[in-house]
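Two complexes, one shared chain (chain A), two partners (chain B, chain C).
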Partner chain A sequence: MRHILSVTVENEPGVLSRVAGLFSGRGFNIETLNVAPTLEEGVSRMTITTFGDEQIMEQIVKQLRKLITTIKVVDLTELKSIQREMCLVKVNAEGERRAEILRIVDIFRCKVVDVSVDELILEVTGDAGKIAALLQLLQRFGVKEITRAGMLAMKRSMQE
Partner chain B sequence: MRHILSVTVENEPGVLSRVAGLFSGRGFNIETLNVAPTLEEGVSRMTITTFGDEQIMEQIVKQLRKLITTIKVVDLTELKSIQREMCLVKVNAEGERRAEILRIVDIFRCKVVDVSVDELILEVTGDAGKIAALLQLLQRFGVKEITRAGMLAMKRSMQE
Partner chain C sequence: MAQLTGAQILLESLLKEEVDTIFGYPGGAIIGIYHELPNYPFKHILFRHEQGAIHAADGYARASGAPGVCLVTSGPGATNIVTGIATAYMDSIPVVIFTGQVPTPLIGNDAFQEVDIVGITRSCTKHNYLVKDVRDLAKTIKQAFYLATSGRPGPVLVDLPKDVLSDSTEFRYPKSMHMRSYNPHTEPHVKQIKKVAELLSNAKTPVIYSGGGVISAKAHKELIELARTTQTPVTSTLMGLGAFPGNDPLWLGMLGMHGTYRANMAINSADLILAVGSRFDDRVTGKLSTFAPKATFVHIDIDPTSIQKNVNVEVPIVADCKKALHALNEEIGRLTDTPWKEKNQGWLDQIQAWASTQPLQYDNTGPEIKPQYVVECIYELTKGDAIISTEVGQNQMWAAQYYHYHKPNTFLTSGGLGTMGYGFPAAIGAQAAFPDKLAIDIAGDGSIQMNIQEMATAVSHNLPVKIVILNNGYLGMVRQWQELFFNKNYSWTCMDAQPDFVMLAEAYGAAGYRVTQTEQVLPTLTQAFAIDKPVIVDVRVSREENVYPMVPAGASLTEMLLI
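So, the complex of A and B:
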C-alpha cells in the first residue's frame, strides 16, 4: 500500500538522515521525498511517499513522533488530499518537431522554461498519471533528461 | 555560498540516509531536497540545495562519488541552469476576498487546485523569489498552510 506522510521538523543538521534511517532500518524504500522550509523560521516540512506494510508503517510513524526534532506528523494516506508533482523535461526539438511539441505543451498546460536551437526544457505539474502520459508522448522526439520533484500533498478543505 | 547538486543514485533502502549523513556529518544543513524516480527502473535522482564552505563542499562531492550506490553527481552551482520550485498554498478566501485572490492567481499564473466554501488551494511554480512574493501578497488574506517542493534544477542547453 502506498503511504503519504507530511512531517514538520526542526531544520537541524542530521534530522533528514535520522528520518530516512527510520524507513531504511525497516526495509522501507522512500519512493519520493520533498524537504523545504516553511513560513516559520527554522522549521521545514517533508512530504514522503513510500510503499509497504500497514503495521510497520504505524511503527515508523510512532518513532517519527518520538524524535525531539519532530513537530508534527500527518498521515495523508486515508485523508482526502490534493497531490501534485512537478517535472522538468529536456526534449529534442529540432526543425518541424518543435511545432508538434508545442501543441503537446498547450494540451498539457506545460510551461516552456528554456529554449535553444535544438532543445526545449518543459515544466509540467500534475498527478503522476499526467506526468507519465506526457513523458510517453514525448518519448518519440527524444527525451534527453528529466528531473522531478517528489509528490506534494495537502489535505483538502472538505473532508467527507 | 549556495550549492545545487544533482545526484543520480540506485534507489535502495539506506541510500538517502547515507547521502544525508554525508552533509550532516560536516555540519551542512540541507536546505531543500527532492528525490524521485527517473525513467530508468531502480534509479532515482536527487536535487539538493545547501549553504556552506566551498572546500567542505568539494569533500562532500568526492565522498558522494565514492558511494557504490551513486551513479552520477553534477554540481550545478557554476553552470547555467534552470531553477524551479513548486508550492501549494491554502489561503482563506471568504466572500469578496475571493475575487481579489483570483486576480493575484492570474498575475502569478498560479493554478487553483482545490476550492471550498471559504478556502482555496493554489499551486505556484517559479523561482524562490516569485514564490516569496506571492506568499507575501497572500499573507493578509490569511495563509493557512503551505507545502513546497525543494528546488529542481536542470543544466541549460546553451552554456557560454
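So, the complex of A and C:
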C-alpha cells in the first residue's frame, strides 16, 4: 500500500542523502520526494511517498526517526489530509486541436503557461487521479514531455 | 577570553571529555593537531596502519565502557578506518573518530589526499559531521561524544578541514547537550513491565535471551538478579557473553549457529522468550519461521528499530536495559506468592538432561593438539579474569564456547561485521585501558596476518598483549563450510605459505613460542602469560577440526550437526 510520510528534518547539509541513503541501503523504495523549508527557520519538510506492507512501513518510519537529523515523522495515510501534485505538460497543439485542448484546460482548471506555433505547456495541480485523467485525455494530441513534482500533503485541521 | 586554534580546541575538548588515550596516526591534514599534542597529557598510541588504530579504540571502549578516540589524517588515513568504523557500528560500540580533511576552499576539488569521508561513512556511523567553521567545533565535539555514548551507542565521526584546525576562536565547551531531533527513550513503560512479570510468573519454560545491549547498558547485575530470583535460565548472543556468569547453574551457554545443544533446545521448547538488548540476528535465530515456535516474545531494547524487525513481539519495551530490568526486578519482588524454584524445577531438570546428553565436547584422544583444548587451557590459567579478544572464524567460536566469561567487558569480538584482523589491535586497546590485566588475543593463522604489523605498536608502547594462534594452516571456518556443504572443495582456503611466527615475534622484539605437542600447551602458555612483553604462541593444532554444534545456514536451531 502507498503511504505518504511527512518528515520534518534539521536543514543541514547532507540531510537529503541521509534519508535517500537509508531508503537505498535498506532496500525501501521512494516513489516521490519533495523537500522545502518550513516556516520554522532551520527546519525542512520532506514529503515522501513510498510503498510497503505494515511491517516494512513500521521499519521505514522507525528508521527515519532514528536518523539524528530527523525531528518528526508523521504517516499522513492514517490521517485525513490534503494531497496535491503538480505537473507541467508539453503537448502538441497544431491547428484545430488547439481549441479542443483549451476546452480541456478550462474543464480541468489548468493554466497555459507557454505558447508556441505548434505546442502548449500546461500547468496542472491536483491529486494524482486528476493528473492521470488529464494526461490520459491529452494523449491523443501527443504529449511530448512532462515534468512532475513530488506529492505535497498537509493534515486537515478537522480530524474525526 | 583567549583565542585558541581549532587544533587546541579539539584537544581541550578531549580533556573536558576526560579522554586519556588517543589511538592515532599522523598525516598532512592533521599535522597541526600533532604539533599541539605534546603539550597535553594524553597517552597517544601510534599504530602501523590506521585500521589498527580504529580497532584499538573500539577494543578500549569495549573493555572500559568509555568511548574510544581515534585520530587519523584525510584521504587514505580516513578510508583505512572504514572497516573499523563499520565493525563498531554493527556492534554498537562508542567510538569518536576525528579525521583530517583538506582546507575548506579545496573541498570538492579532488585535492591531494581528499576524500568525502562523511559521504563514505554515512551508513556505518551513528552520525557524522563535517566542521566548516571553527566556531562550531567545540559544540560539534560535545555532540559527537553525547551521541556516541547515549541511547544505542555507536561510532561518530568528525571531519576536520585543515583551515578549521588553524583558525582561532574563543573556547567555550557546552556543559550539557540537548538536541530536539534526538531523544532516546530510556524509561520503561510501567504497564508493560507488569505484564512481563506476570508472564514470567505464569511461564512454564521461560528463557532469557540476553545480548550486547546488557553489557553496553551496564545491566549485568540486574540481569543476574532477575535470573536468580525467578530461576530463569539465561542464554546469550556472542556479543552478550560475560554479562551472565559462565559458571552459573542457570547458564545455558551461547545460542545460535554454534550455540550449545541445551541453549538451542531450550529456545525451541520455550513458552516465553525474554529478549534483552539483543536483536534476533540471523546467526542467532537460524530459520526464522521455526525459531522458538511455542514462545511468547518479550523484547527490551533501547533501539525501536530492533523491535519487530525480525520477529513479531507480544510485549515490546523500548527502554534502557538497566532501567527496564531494574523495574522488572522491583515488580518481581512484589510477586511474593510465586514459588519460582518449584515452578521452574522441572524445566531446569530438562535443561540439565540436555546438558548431560550433549555437552560441548571434542575428541581429545588423538596425538594432535585440539584447538578447543588450547582455549580450555587459557581458561584454566586465567579463570575468567583475563580480557579475551578474538579474530573471526573458528578461533572466535571456540573462544566463545570453551572459555567461560564471568564478567562483562572481558570478551572483545567482532560479532556483527565479523572482521578478521580485529582481535589483535582490539587487545592492544584493551591493554592500554588496563595495563595490569592480562589481554589475550585468541587468533587464527589467517586472521592474525591481517593486522600483524601492530606487533611493532605493542612492542614500542610496552603493551604486553598475548597472541595465541590456533594455527591450522587453513582459513578454518570457510574450510569447514567447504567440507560440510561444498563437497570438500578447499578452494583457496589453504594457507600453506606462512611466516615463521616465532621468528616474526622475535624480529619485532617480542617473544615467540611454538607448541606442537598437547602436553606442552599448558606449560608454554603459563610461561608466555608470565612474560612482561608481547608474546606470540604459535600452536599447531589439528588441521581439520570443526566447530560443533553447527546449525547450517538457514536451518532450524534444532537441526544441529553434532560431533
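What to note about this one:
Methods note: the second predicted complex is superposed on the first by the 160 of 160 C-alpha atoms of A that agree within 3 Å, B and C clash if a C-alpha of one lies under 4 Å from a C-alpha of the other, contacts with A are read in each partner's own complex, and residues count from 1 in each chain.
The rule we apply is simple: a contact is a pair of C-beta atoms (placed from the backbone, for glycine too) under 8 Å apart; a residue touches a chain by one contact, two chains touch by 3 or more.
Bear in mind the structure is a predicted one, so any value in this text is a computation, not a measurement.
Of the two partner chains placed by the overlay, only chain C lies in contact with A:Q55; chain B stays clear of it. Which of chain B and chain C touches more residues of chain A: that partner is B.
Once the two complexes are overlaid on the shared chain, A:R103 sits clear of chain B and of chain C alike.
By the touch criterion defined above, A:I71 reaches chain C but does not reach chain B.
When the two complexes are overlaid on their common chain A, residue A:R140 makes contact with neither chain B nor chain C. Residue contacts after overlaying the shared chain place A:E10 against chain C, while chain B stays out of touching range.
Within the superposed three-chain model, A:Q63 lies in touch with chain C and out of touch with chain B [touch as defined at top].
Of the two partner chains, neither chain B nor chain C is touched by A:R2.
Of the two partner chains, both chain B and chain C are touched by A:G21.
In the overlay built on the shared chain, the residue A:G150 is in contact with chain B alone; chain C does not reach it. Across the superposed pair, chain B and chain C both touch chain A at residues 13-14, 17, 21. The touching residues of chain C, counted against chain A in their complex, run 118-119, 122-123, 126-127, 130, 147, 179-182, 303-305, 308-309.
Against chain A, the residues of chain B that register as touching in their complex are 6, 11-17, 20-21, 23-24, 27-39, 45, 47, 82, 84-88, 90, 109, 111, 113-114, 116-119, 121, 123, 125, 135, 143, 145-150, 152-158. Residues of chain A touching chain C in their complex: 9-10, 13-14, 17-18, 21, 25, 55, 58-59, 62-63, 65-66, 68-71.
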